[in-house]
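The two complexes that follow have subunit A in common; it is paired with subunit B in the first and with subunit C in the second.
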Partner chain A sequence: MTRKRFVILSLVPAIGLLATLALVSIAGAVWFALMNRTLRSPDYDFVGAYNFLRLLRDHRFFNALEISAIWELVTVTGTLVVAVLLAVLIYETVKKPLWRNLICFAFLVPVLLPRVAAAFIWRFLYSPSLGAINYLLGLVGIGPVEFLADPSLALISVAIVDIWQWGLFFTVILLKLMETLPKDPVEAAKLDNARTWEIHAYITLPMLKGPLISLALVKAVESLRSFDLIFVMTGGGPGTATETLDLYAYQMGINMGGRISYASAMSILLLIVTTVVFTIIWKAGKKWAN
Partner chain B sequence: MAHIHCTDIVKSYGAHPVISGLNLDIPNHEFVVFLGPSGCGKSTMLRMIAGLEEVTGGRIEIGGTDVTDLPPGERGVAMVFQSYALYPHMSVADNITFGLRRQGVSKADIAPRLKQVAEVLGLENFLDRRPKNLSGGQQQRVAMARAMIKTPKVFLFDEPLSNLDAKLREKLRTEIRRMHLKLKTTTIFVTHDQLEAMTIADRIVLMRDGMIEQMGTPDEIFERPASRFVADFIGTPAMNFITAQLEPGLIAHSGSIRLQLSEVEFPSLKPGQEVELGLRPARMDLCEPGSANALTGEVVLVENMGAEGQVITEVDGAEISFVTQGFRDLSIGDTVHFTIRPEHIHVFDPKTGRSLRKD
Partner chain C sequence: MRKTHLLFGTALCALATQGYAQDAMACKGTLPALNVIAQGMPAVTALDAHLSEFNDKWGTEVKITMLGENERRAKARLDASTGAGSYQVVYIDEANLAEYVSADWIYPLADVVPESYDLADFRTDLSNVATVDGVQYFAPFVGGGDVMMYRKDLLEAKGIAVPTTLDELVAAVKALNDPEGGVYGWSARGQRGSGMNVWRWTPFFRAEGGEWLDGDMPAFNSAAGVKATEVYMDMMQSSPPGVATFNWSDSVEAFRGGQVAILIESDVFGPWMEDPEKSSIVGKVGYAPPPDPLPSAGWSHGWAVSKSGAAEDCAKTIAGDFVGWATSKEMEQNRLAAGIASDIGRVSTLQSDGFKALVPQEYIDALLDTGPKTSLLIMASPVWPEIGDTLGLTLEELFAGTRDDVQAALDEAAFFAEESLMRVK
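Our next item is the complex of A and B:
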């Protein structure tokens, strides 16, 4: 058997299975999106593009789209900024391997928590009457702050939980990556009169550009799947202040309306938008890395 | 003015001392080579002068300023690393000018200086390239340009040629030497290659186990080694060593070997004393049987080195080698006679390994 044939034969079953699973569900969603099915009634008609056209006139849909975009932007940049700052700080201040490993271990704990558990912990922390955060703010005369009930704070409050989970995890990854970098260029930079922040801004972080782009993409994909976190913490509220597209689709399709076709149309649109946006970002990232 | 003055330098990692109480003076404009086997502390010493390694004790002065506690960037030194240590994501031009930009030198001042060093090192056509698109020799030139453009008080080279092939190494060695003759900047060059040290240095600091074994010009180190260690380390092919007994008239006797020693060089030797003789292969040559200071042996192996050949012989069951141009007439099993002049024989104390030559 030639090598090429072996490769094809070993890949075909798995790829076939994955493709079937992906295509069947997408085809199913498209099929639903072209009808007017609801959970309440067994009757349905073929309605063509009606659901898609309605979406374009749905203000709540555009609100959800905006919230999703903001959520992506805040959690991805927040996670990376926190990870970069903490990694540099630890790299520069904690030199003993034992302490570093202990910190890394502690930083890994949040991401090991199930989303739902993390969400409940922070709901308590944020609570205006029982929460530790409001207790501390009360000591300095602030509050109580309605972190999750104030529409202007709710989204950022939930984002902080996401950044807490992933920013600390990425800190560990980044710190370990920094430890693998060759020491010589950093020493050369020291001799070149670079200050500590300049060494990281101009030497170490640019040397990690490739991994940083990959981390950003991983986080962007991960942020798309924050349904459980937002659902437990705010349920999309107050009002629609934290309602991302997947939450809105869930509300429409399962929770209140049962308008399964409308929700399917939304999912299809979400799939298309994500694919297009990610392709553009991926291409841009690759170009920039070179 | 940048003479370097190191006083009582101590360096230890934990309880393990690497350098214990080293004193060193390097005058302005001098090209000094730190030479020694791996682990002798020569690189550590260089890195301490650069400020990349903290001293455990002692003081370092550069140009009259105590730099012991100054960060590397403020010591006025520039360093070239064995690994080149270029910034991989920057163009050659950015690599070279990085230090000047960090010092806040204006763009208008940087451009002519960049042009000048690029010209000196033949890098004009590579300024826009990334380091990974250059050969090893070109990369090392970029590293040298990066050091030169800062017009430092001191150049530090940490085995800069070790990653290059033999031919390129020789070429760059000459370039570094020529550069020094022109710029006259005080330079410290670390290497474990004794030939490199001999060819490039004004003065060699030969180190062993964190101590200076001998300090002197290449000629002094080669002709008047202070110890058996130095004599063994310097020179290829390596020196022959023979343990011998002294007889009246300053004759060293060992088996069939009887060698006349120089009374001028070794006035302190006494008959009956046991000594270790050092015979450089390159200082011996073929002779007629019965000549003065002749040794007689059987040829074991002949190594062709081009113009000359190393002849390895067996004398009284021990191997002694010498170098001769007449090696082509010799074949294995021949009996050969070869000789050495008394002033070329080195004598060491077999216990301490120190040379017994008068100071």
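Our next item is the complex of A and C:
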């Protein structure tokens, strides 16, 4: 058996299975999107592009699109900034392996928590009347702050929980990556009297450009799936202040009138938008890394 | 002759019952698992201690999936509408009964629950909510109307009489509001949902003379709707921070935690205030009917048997028996023995000494006084969940301050409702 044939035979079953699963669900969503199916009734008709055209007149859809974009931006940027800052801080200040390992272990705990559990814990912490955060703020004369009921604070308050879970996890990954970097360039920079922040800004982090781009993409994909966190903490509210696209699709398709066709149209649009945006980002990232 | 007839009739009934029992017991061991979808009301969680009894009787394993109210509604609807039939027993409430009946997703109660469970003993007010066109569809185990709960000590300290009118209530709430002292005058549900903020807003809407429909068209964007919303929002100014997204649990816990002076909530929460392990205000709470002209929002939750989940005869038999068993007189007495007085579905339980021993007489009096004011206040339509949820979102936006034009917000919700009502036609 030739090498090429071996590779093809090994890959075909797995790719075939994945493609079937993906294509069947996408085809199902497209089919539903062209109908006026609701969960309440078994009867439905073909309505062509009506669901897509209605979406273009739906201000709540555009609001959800905007919230999704802000959510992506804030959580991906926030996670990476927190991870980089903490990784550098620990790398520079904690030298003993035992302490480093203990810190890494502690930093892994948040991401090991189920999202729903983390959401409930933080919902309670944020409570204006019973929460620990407001209690502490009260000691210094601030508040009570309505973290989840104030439309201007709700999204960022939920994003902080996401960053808390993933930022600390990424810190561990970055710290371990920094430990594997060659020491020579850093030693050379030190001999040239470079300051600590200069060493990291111009040597360490550029050497980690590839992994950082991969982490950013992983987080971007993960952030698209934050339904459970937002659902438990705010349910999309107050009003529509934290209603992302997946949440709106759920509200329309399952929770509200069971407009499954309308929700499917929304999912198809979300699929197209994310595929296009991620392809552009991926290509730009590759170019930058090279 | 009459005696002979009577004896013959009795023998026939006994034979029929025995025959049913024998036929039914042939189903033992045929259903490996009985799947039940529910929300965590005390009557549901209390079943845990007795499930082995039912499992042994039918050689099955009862598996109860516990979800929050909105999630339970969504998942049960999805299961029934797709014909998946994962659940044999479904948890139904006043808001989705019309939808389930019009879509033919559940059996009439009398078709599945054996007569021996005495269906006539269910409370009339709850059975009425469980009935469509004279046919009862679910076995209620909890429900009722509203009750006004107030802190006797706080009202007394300020020399305020128990409010008997809405105007007096608004004035009292404002007078009792003392955030610096850690006490707020009022609390309410702000979180969106047909069974959440809309449920508590509806009595205010009805008190202003509001009607849901004008012919076939939505009419809740009327002057009554606007006035009700303004009054509701005005009272929210005297509520704990975060009230714009409060669900019923947040509201009840704020009151039970001693932070709120007056609360109108479902009467089922009354006994919660008297639980010494969880309440910090035991003995300090007074109970009264909602002040005039506020009506009381009637509601009821219970078990029904799903047509898609229990399509086979044996599944239907076992599921029907579960519904009867879980809502039986004996089960209610078991709950009372465990100190649970909040979930009562039967007249015989209300009249029992066990119930009277667990709740204050003042609470029972308030229940009796509120009874005549209680009715189903929501729109009885299969599309109510959709219309109610949209209205709930609009109200939450107003409460949270992301919009401030009440009339325009209600107009938008009514516009959405037009389309929903058209589809049901």
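Worth a mention:
As a convention for this text, the second predicted complex is superposed on the first by the 290 of 290 C-alpha atoms of A that agree within 3 Å, B and C clash if a C-alpha of one lies under 4 Å from a C-alpha of the other, contacts with A are read in each partner's own complex, and residues count from 1 in each chain.
What we mean here is this: contacts are C-beta pairs under 8 Å (C-beta built on N, C-alpha and C of every residue); 3 or more make two chains touch, one makes a residue touch a chain.
Everything numeric in this text was worked out from a predicted model, so none of it was measured.
Three-chain overlay on subunit A, with subunit B and subunit C fitting side by side and no clash.
By the touch criterion defined above, A:Ser129 lies against subunit C but remains apart from subunit B after alignment on the C-alpha atoms of chain A.
Vertex at subunit A: the C-alpha centres of subunit B and subunit C lie 150° apart in angle, rounded to steps of 10. Looking at the superposed arrangement, the partner reaching more residues of subunit A, out of subunit B and subunit C, is C.
By the touch criterion defined above, A:Ile254 lies against subunit C but remains apart from subunit B after alignment on the C-alpha atoms of chain A.
Touch criterion not met for A:Asp45: it reaches neither subunit B nor subunit C. In the superposed pair of complexes, A:Pro238 makes contact with subunit C only, with no contact to subunit B. When both complexes are overlaid on chain A, the residue A:Glu198 reaches subunit B alone and has no touch with subunit C. Between subunit B and subunit C, the smallest C-alpha to C-alpha distance in the superposed model amounts to 49 Å. With the contact threshold set out at the top, not one residue of subunit A is in contact with subunit B in one structure and with subunit C in the other. Taken in their complex, subunit C has these residues touching subunit A: 70, 73-74, 77-78, 81-82, 99, 102-103, 190-192, 240-245, 253-254, 257, 259, 382-383, 385-386, 389-390, 393, 396-397, 399-403, 420, 423.
Those residues of subunit A lying in contact with subunit C across their complex are 38-42, 127-130, 144-146, 148-151, 234-235, 237-241, 251, 254-258.
The touching residues of subunit A, counted against subunit B in their complex, run 182, 184-185, 187-195, 198, 202-203, 206-207, 209.
The touching residues of subunit B, when paired with subunit A in their complex, are 50-52, 71-74, 77-79, 81, 83-90, 98-99, 102-103, 146, 150.
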